[in-house]
């Protein structure tokens, strides 16, 4: 037979397989070695109890805060740099961080900030007012990337000067309440003065020097970043030693990783994946309303800042009746139910309800609820007659619109066929095209679209979001490639612009009134058909970590990825450690106490054991007390 | 570039080999040209990609265009492209401005590890299955293995990957990790590090091994069957030599050569063939790099990957051709 | 002597008194050709029937094609529209939903049935394009390549260099770039797969054409003054046909697999379901939540169809080329 030829080969193959198999089984053994004792050791938990791993589908792509863009970028910048102030954990008001207190002159044009003493940069150099002044001076340079990034906060500042080692005086053009909420990262002058404006775009900043609670220990762009705690942090030593942000290619892999313990916190899971984690032992789910909305945007007349029309948008969309019809034809509640699986609410105005003081709720009579009959009636009255193939026609033109869908959003991709179906049902034909974010942005900037779906994350200061609807944020430049501004609605109304300037000088209830008025204008003009406000569905291993400080401070507040805030990171600690580990850290007085593993619905041995123990303790205590009583009575009797 | 059909008309072996090498270089150059034009024709705007479309000043735009060498006339760009590629400079990524050569360099080893180990295993196992099956054509082993191999051949590789992923990493079994190449909290060096990588390699490696061995075993089997019908075997039998001795000493090695060469030819494609498997298992190799670059879109990286894929195929073809020329006298005369 | 006419019946016995008339008219060349072809077909079918695996493949194919054609009868197309789907998403199998539901609550069985239409359509149409281009290039290159003149060799070389590029640039990256540029739709996928997979066919056809060119009757045709086009169309092509047919069937298997890969990577048509698109959606929306049927069903369907085409293709090869028989 073939023995002499096949045997060596067979042996080799068998040896190879055996080696692989042996190593494969050795792997989990090696890995499980360091899992926390006393609970079912997840197979792949190869990181120690003081290492906190966060999973996301986004990643840090650059450590240069002026070039950052993704949500993950900003999450990390807030950990390695301190801002001048924070958004408060309870109500988003300005909270001290590097600025301990501040005041302004009577006319509101001069602001004085007192800088915290005793703060050191991660390279040992002391942090002084000079760094603050330098940072702001850099940020207010006209036509710079720095200005573009921070304009919402520094837009009115004309100068920033250090008048002492711990005092900074800034001057503004007119009274700006935002000076009470300067959430701007402070950079070390001794590093950044060597980076010129020209060099800014290519400066990688791979070994950032910051004053924040964490220091970068290793960084792999677009993959993962490892941070270590800053033991000398002025705000208190963090309760964890190592912090890792790991990017996953897709949410499915991320969910698997949380379920088997490779990561401790999962962000950006799809609603379906999040829900499937219910009942997983040791995993706690958070359904947190956040400042997010997704919209269906229209091209109702793309033009440059010089009012020159651009692009190839379907002129039918410039007709407000068509836009209203589309808004009435879409069943946003159904989208919340089917696509978000209930983790969200139907959308109305552009400042989400989580910001209760600013959110505008339209009256029921003016809300675009789901009413296909009404949508059809509007279109018919507008002159759009149903054609033979079910698509409406007017003046010989068919009502067929293009819908652009981002291929990077599973939820929006799932929305698309619904929208197509609902619009078809009222006689509007839709062709969908999926594309990348950058392609879509280019198309939007050039006005070459009809409709698209996208979303925004709105921060506690509504200024930026409102600014995207001003005339000045439309595209600039010339054909064939226009430079986009922040506007993706090409909305332009001088009255709106006036209100925008007005609210910049107001505060409190007066400002809220103007902001609501602006939202009403936008809602009636229907340039965005808001689909829904989606919640941030987070999940974490409550059996391994505790001490989160949610924002707003309530059980279903955001645990991480808070609105321009980083309260939890300073406070979280391994499960089972004492709260005293971090409760004196800045912002941790409101941390949530130890959460037992009994948050899941399954039978939990720990819970039963705990109850039994508690019963025994109570019984013992009762016996002891009874005994004591008797003794006391005896004593008293004595 | 099939030797049998193009055939050099020279007598010297050296001349034949030289012609083949020159031919490979010419094809490579042709690929360079086509790559360049393919990616210039596609709409690309690195400025928008890099800055994520935030408002740019004119001077910033100019600076970015200068970095990427755009805005120059096309022939000039082409010349720059040729010169730079020759020096190993493949440009900068649109997404993070890192040198493409560096990105590809980082992704090259994981792909080679994955694809290389799968190829070795699948070649060995596939050839063994093919020989055993072809040896006793129609026998029980042959029937079962051919059926099994045909089903494997019909399976989409990413589907097999997903099924294995769910079965072993997702369910209660949890025998293998759910993706990636390293445990990302990292820090495992030395033997523990090697074990960690091998453990992550197990599932994607298994998928590719199964997918490749299907084709290799089929090829080996049919080439052995062909060889077993050859005339010289008849002669040998007539001369009185023992059947199995003859088969073992002559038929199998003769059958092995064209199969190994065909496998060699396939090798060039395996680097790009791992795209879907790397995506399913988040394996940080070239396939995944090109898929991520495709979605960005990050054209310099894509272009670099293309070049590497094509070069791999050309190189593998060349080696396969040379092997065949040197070792198979029948072909040399062609 | 009774001539066999095209109807297969023998001539009637001549009427009395007419024995001296010729028995029947000599059959025309066309009739002869038709007769020969039918006999060949019958012979072919007899041979093919002997191949058990080929028969299995044929049966599976017939069932698949029947399902695809009968889709509107088997499952209402309303079931494809998510706005009418009321079932629980990602549900397990039940009486109303034998294969469970997808993330929108649509029946996986409905998607599977309608998906067969689009998958087979893409596979067959893309193969058609691929074969047409490949055959054209192969025949032209082979024909002109066998001419002694330099112009002929040049044509052959140019065509082969072009083919080489398509062979050397790996299919998937090229297809990915083209699909991403041209936009996701069924038509684009068909075009992309067709355009990127013809090279292999071209090579095989060229090799066969070169072999055919050396046959004597072709030399005779040339001597008789047949032009290039006539030679290629009337002589080379028919002789290349059998090989081409088997290659076509095998190519379909490849194009179906290619379509599933492209759709899985998100480059396919997001609206019209194909099996590949189902696999991609299942992975993104279903698998993580435990919905395995959505992943398994289209996968098994693809395996069956590709297997069927492969078995039929191999059986065809074996019947048409005796050397390949009894593999």
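The letters A, B and C name the chains in turn, as written, and every chain counts its residues from 1.
The rule we apply is simple: contacts are C-beta pairs under 8 Å (C-beta built on N, C-alpha and C of every residue); 3 or more make two chains touch, one makes a residue touch a chain.
Quick caveat, the model's predicted, so the values are computed rather than measured.
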When B-C is set beside A-C, which has more C-beta pairs in contact? B-C
Using only Cα atoms to place each chain's centre, name the chain farthest from subunit A. C
Approximate Å spacing (C-alpha centroids) for the pair subunit A, subunit B: 40
Geometric centre distance via CA averages, subunit C-subunit B, whole Å: 26
Interchain centroid distance [CA atoms averaged], subunit A/subunit C, Å: 50
Find every residue in subunit C that makes contact with two or more other chains and list them. 266, 283, 287-288
Can you list every residue of subunit A that touches 2 or more other chains, as numbers and ranges? 256, 407
Can you list every residue of subunit B that touches 2 or more other chains, as numbers and ranges? 43, 170, 279, 295, 297
Interface residues, subunit B side, partner subunit C - complex: 1-2, 5, 27, 30-31, 34, 38, 42-43, 137, 150-151, 153-156, 158-159, 162-163, 166, 170, 222, 225, 268-269, 271-273, 275-276, 279-280, 290-291, 294-295, 297, 302, 305-306, 309-310, 313-314, 317
Tell me, which parts of subunit C touch subunit A in their complex? 81-84, 89-90, 103-105, 183-184, 266, 270-271, 283-290
In their shared complex, at which residues does subunit A touch subunit C? 250-252, 255-256, 270, 272-273, 275-276, 331, 334, 338, 341, 405, 407, 410, 413-414, 416-418, 420-422, 425, 432-434
Once bound in the complex, which stretches of subunit B touch subunit A? 43, 45, 48-57, 60-61, 63-64, 67, 95-98, 120-121, 124-125, 127-128, 131-132, 135, 169-170, 174-179, 183-186, 188, 192, 194-196, 198-199, 202, 205, 244, 248, 252, 279, 282, 284, 288, 295-297
Give the list of subunit A residues in touch with subunit B in this complex. 1-2, 4-6, 9-10, 12-13, 16-17, 20, 23-24, 26-28, 30-31, 42-44, 46-47, 51, 53, 61-62, 67, 69, 143, 145, 148-149, 198, 201-202, 218, 221-224, 226, 242, 244, 246, 248-249, 253, 256-257, 259-260, 262, 407-408, 436-439, 441-442, 445, 476, 481, 483-486
